[in-house]
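You will see chain A twice below: alongside chain B first, and alongside chain C after that.
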Partner chain A sequence: MSIAIDRTRAGSSGGGGADSVRRFLRSQRFARAASYVFLLILWWLASMYEDRFPAPLETFQFLWIEVTGGSHGGIVRGEFIEHFASTLPRFGLGIAISLVLGIAVGVLIGGSKLAEALFKDTLLVLVALPAIIWAFLTQMWFGLGDDAVVITTFLSAFPFVSVNVVQGIQAIPRELRRMSGAFHVSRMRRLRHMQIPAITGYIFAGFRFAVIIGWNAVLLAEWFSSSEGVGWRSRYWYDANRYRGFVAWVVLFIGFIVALDRLVLVRLQRRAFRWRDAQLSTIEREAEEIDVGVKGA
Partner chain B sequence: MATLTVDHLRKTFPAIERGSSPTTAIDDLSFTIEGHVFVSVVGPSGCGKSTLLNILSGIETSSSGAATVSEGERPARLGYVFQDPRLLPWRTVMQNMLYVIDETGSTARERATTYLELVGLGDADGKFPAQLSGGMQQRVGIARAFAVEPDLLLMDEPFSHLDAITARSLREQLQDIWAKTQKTVLFVTHDVAEAVQLSDRIIVLAPGGRLYADVEVDLPRPRKASDTQVATMQAELLGRFETMQAEVEAAKASSIAS
Partner chain C sequence: MAATPTTAGHGPRGTAHLSLAARRRVRGVTGLIIGAGGFLLLWTVLSRFVFDEFVLPPPLEIGQVMWEIVESGAFATNFWATIERLLYGFGLALAIGFPVGYLMGTSRWWRAFFHDMVMVAGSIPGITYAVLALVLFGISILGPVVSVALVSMPYIAINVAEGLDSVDRKLVTMSDAFGRRRPAVVRHVLVPTIAPFAFAGVRLSFALAWKVEQLTEVFGSSSGVGFQIRREFEDFSIPGTLAWVFLFILFMLLVERFVLVRLERYLFRWRIEDQP
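For the complex of A and B:
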């Protein structure tokens, strides 16, 4: 730590320009950008080696037309909005159900030894089941349409929320549970003010997993049981032997989940942990401690 | 004003491992507390102080005998102050107060504010516990216990985790609040000096949970630790306390010898 500070000082006394470049090269932002560039280079090398694997540039050209519209070889394009518009409600509904039921089941299992003995192993089996199993099963049960897609998303995402919630409930300090018991706090209040906030971190960890797993599941389900949506569109180009189109939709699919994670989930998480960040402002606390001490003496 | 009756109370914990004998935490303990009094239970560690509180609060059951708290015909309402503040870290001071108050809406809010002001934290209602010092957190814990308007207030060594100076100022504040609120208090501590300063009556327990002495403290209030009368009584009681421990040691030694 002190070495780093010394070096910065030495650098700034020498030449400011070289120093700021060095600092930029070491920054997290640069590291993140570099990782994307590295992936693009890998992709480009892979496409040179294997003809059927489309190169980045042609893929992005294809993607651009797919997003903005136009026609290509007689096929009308620009269906980006349409397909996302049919996928997102299914995805959202599946995730919402898995969040609500996942928390409910997690609280139940975490709060009772009996419920844990009854359901915990089942939950672990559900975690282990790959989404593709549900995609096949729901296609058999419900046929083409929204139901199969929503239910696959829900079944794949839900156990991840639950497992995390169970851990969170079990990690609530015994002192707080006893305090609530001693004051005869109602179950509803305990849930709202003790259990849910105590497990926020665990819910977020589970929710983040659920979103990623659910996004996989929704695409798989659409691949088999839908005639519209992001998954169906990927399959459409795959079946048409247009690998460029297939890869373009995979890029869209990955881009969406990365953006969702970075822009939405990380921000929500920060908001939910305000109480913990309050702990960091210790200067104020120390000042008040001195204040109390003076009064007491 | 509540009536606390402890009647031939006994609590035995089963042997932890095969071959060892069961431990007696409370042994045939009887006393009654009535009215607006501040009663301390004092004893060395392992004399069943915490067990007594746990039985009163319903966390543990007695092996035989009974401990009941009543308020006329209805069961009494209890308030608790613990060794540590036990606040919900993710809720503000005000939300922590509302958490335990039965009422809702503005009634609850007014009551919470009243008791926060009583402990001198009227303006800390929007803060999170982590933003307060240990002493302030414990004051919130005290305000919370008073805010349920209990018939009997149980306090379990509430100042033992604080530094000496903070603890001293809180002891004086507690006397003040107690005088204003007219509650029945059962205060558990291992600190004889603290008990003398705060109490009207001190129940001394011997190791093994037997009643050793029941002492009236008839000194004028408010009391400071530095008052001569308080200091004299502290010294006197501390002497008896040490005699008791010596007797226990002697009994132990003679039982080993025989």
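For the complex of A and C:
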């Protein structure tokens, strides 16, 4: 793993307790724990730098009340479940539409030269458009409500699915395509043994990025054009100048998507791509994982 | 169109009269024109027959508004404000990303230390950067700059680490055996290996950085493209919003096609296999 300029040397000096402490300090588990402590310290320093920015402890206290539905003082209560319950269906619907639309557009562009000439550039522009633009336009077009949120979500997310599907179709080696032509392999068998296996992994990759992008889009759309949902709730605290509540929701936003991504999506993607990535080193695979969605951009 | 004869031995496909590169370019330009034409046509049809002209103004109207924006000079000042922040942010991202990537590529301890931060950074929603930056820094240039840096840094770091990982160990050993000094090894082995990876990281994060920059400007800025888009939105002006959006798209395509692609070609002109 380490190349010629290796910093970790096997320390053999010292004995007994001191040695095991040193080994512990050098262990990767300690490194990971240290990184979290480091982040908390950064957060705490940020709260020192700017009074409006809440410190970690008070934020987590607020978060606890909000999640458990306790009282924030007076009649204002924590409303975690209500808002997640109104956001998740919109989010799910948006992602589902983006998956269907994304695969359809991707197959169209990847499979036909004419469609590629016509729509490839539009697709790349759509990939590059920030979700905020859709949030603004849909708010002006559809007003407040579910429509604007769902439409913002799938308009922001579907291009990433399409780009990945196009890549998957075009990544089929030319030799394979020519060979199956030369040996008169039937269309069905080509689809079954060549095209579908080739794009499955890319669909998963596209789906994963669609979820990540879609989450941001849902939050933005709810911030600007909704009166319920998690995005709206964080804005509620923000507008009330209660930054503790706002930052608590930011923690929830990040926690939700990171848990979804690391626990579900990355595993799906890794499984779908295991035929391709088996020989990659850990770092190559990790670079692939964080790069994959933006590669089409 | 220069009719350069292709070299013999192209098999049954050797009938082409244009060189491969020229043909590709012609095809690219034709595709672009057809694509743009098709897009404008679709848009006109949609605005005329499907939606209201108020809801989706026809391209011509947007074009006029775009022209007014360019003529008034608002285009230049706001884009420059955006670019300036983007460059500062990228500078910061490179300054932090390179050492972090170096540490990650050379030491297991630091790999483990940065692992979670780098892996998670890509999935954090952009809106959190934008609004946290607003709370922390208020309306100032610092917000967009720090957001851009935070978004791009992990990509640069992990790509630098990946580059270090792929350094040819035999070359390093050989350089040691022949008594090359460390700076020489870094200059002639490490840097050329890492450069393409680092550049890939920059290319990838560029697309993301644009978006987060826009978002940060929407929330906490008093100039820049994002701010203008927000202003038009608050005036409930669909033509104004769309005009800024399209100026933004045009500008981004220009930067992407001409600046980054040229730069890439220049930096990697020694890699023969990539040339058409």
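Assume the second predicted complex is superposed on the first by the 211 of 297 C-alpha atoms of A that agree within 3 Å, B and C clash if a C-alpha of one lies under 4 Å from a C-alpha of the other, contacts with A are read in each partner's own complex, and residues count from 1 in each chain.
To be clear about the criterion, a residue touches a chain if its C-beta (ideal position, glycine included) is under 8 Å from a C-beta of that chain, and two chains touch if they have at least 3 such contacts.
All of these numbers come straight from a predicted model, not from anything done at the bench.
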Under the stated touch criterion, which partner chain does A:His193 make contact with: chain B (first), chain C (second), both, or neither?
first
Of the partners chain B and chain C, which touch A:Arg52 in the superposed model: first, second, both, neither?
second
With the two complexes superposed on chain A, say which partner A:Arg22 touches: chain B (first), chain C (second), both, or neither.
neither
Regarding the shared-chain residue A:Met179, is it in contact with chain B (first), chain C (second), both, or neither?
first
Applying the document's definition of touch, where does A:Val247 land relative to chain B and chain C: first, second, both, or neither?
second
Touch count on chain A, higher of chain B and chain C:
C
So the chain A residues that chain B and chain C both touch are 281, 284, 286, 289, 293, 295, 297
Residues of chain A defined as touching chain C within the complex:
1-8, 26, 28-29, 31-32, 34-36, 38-39, 46, 49-50, 52-53, 116-122, 125, 127-133, 136-137, 139-141, 212, 215-216, 219-220, 223, 231, 234, 238, 243, 246-247, 250, 253-254, 257-258, 261-262, 281, 283-284, 286-287, 289-291, 293-295, 297
Residues of chain C touching chain A in the complex:
27, 30-32, 34-36, 38-39, 55, 104-128, 131-132, 135-137, 154-155, 158-159, 161-162, 164-167, 169, 172-173, 176, 200, 204-205, 207-208, 210-211, 214-215, 218, 226, 229-230, 233, 236, 238, 241-242, 245, 249, 252-253, 256
Across the complex, what residues on chain A touch chain B?
175-176, 178-183, 185, 189, 193-194, 197-198, 200, 274-276, 278-279, 281, 284-286, 288-289, 292-293, 295-297
Complex contact set, residues of chain B against chain A:
57, 59, 78-80, 82, 84, 86, 88-91, 95, 99-100, 127-128, 130-136, 148, 163, 165-166, 168-170
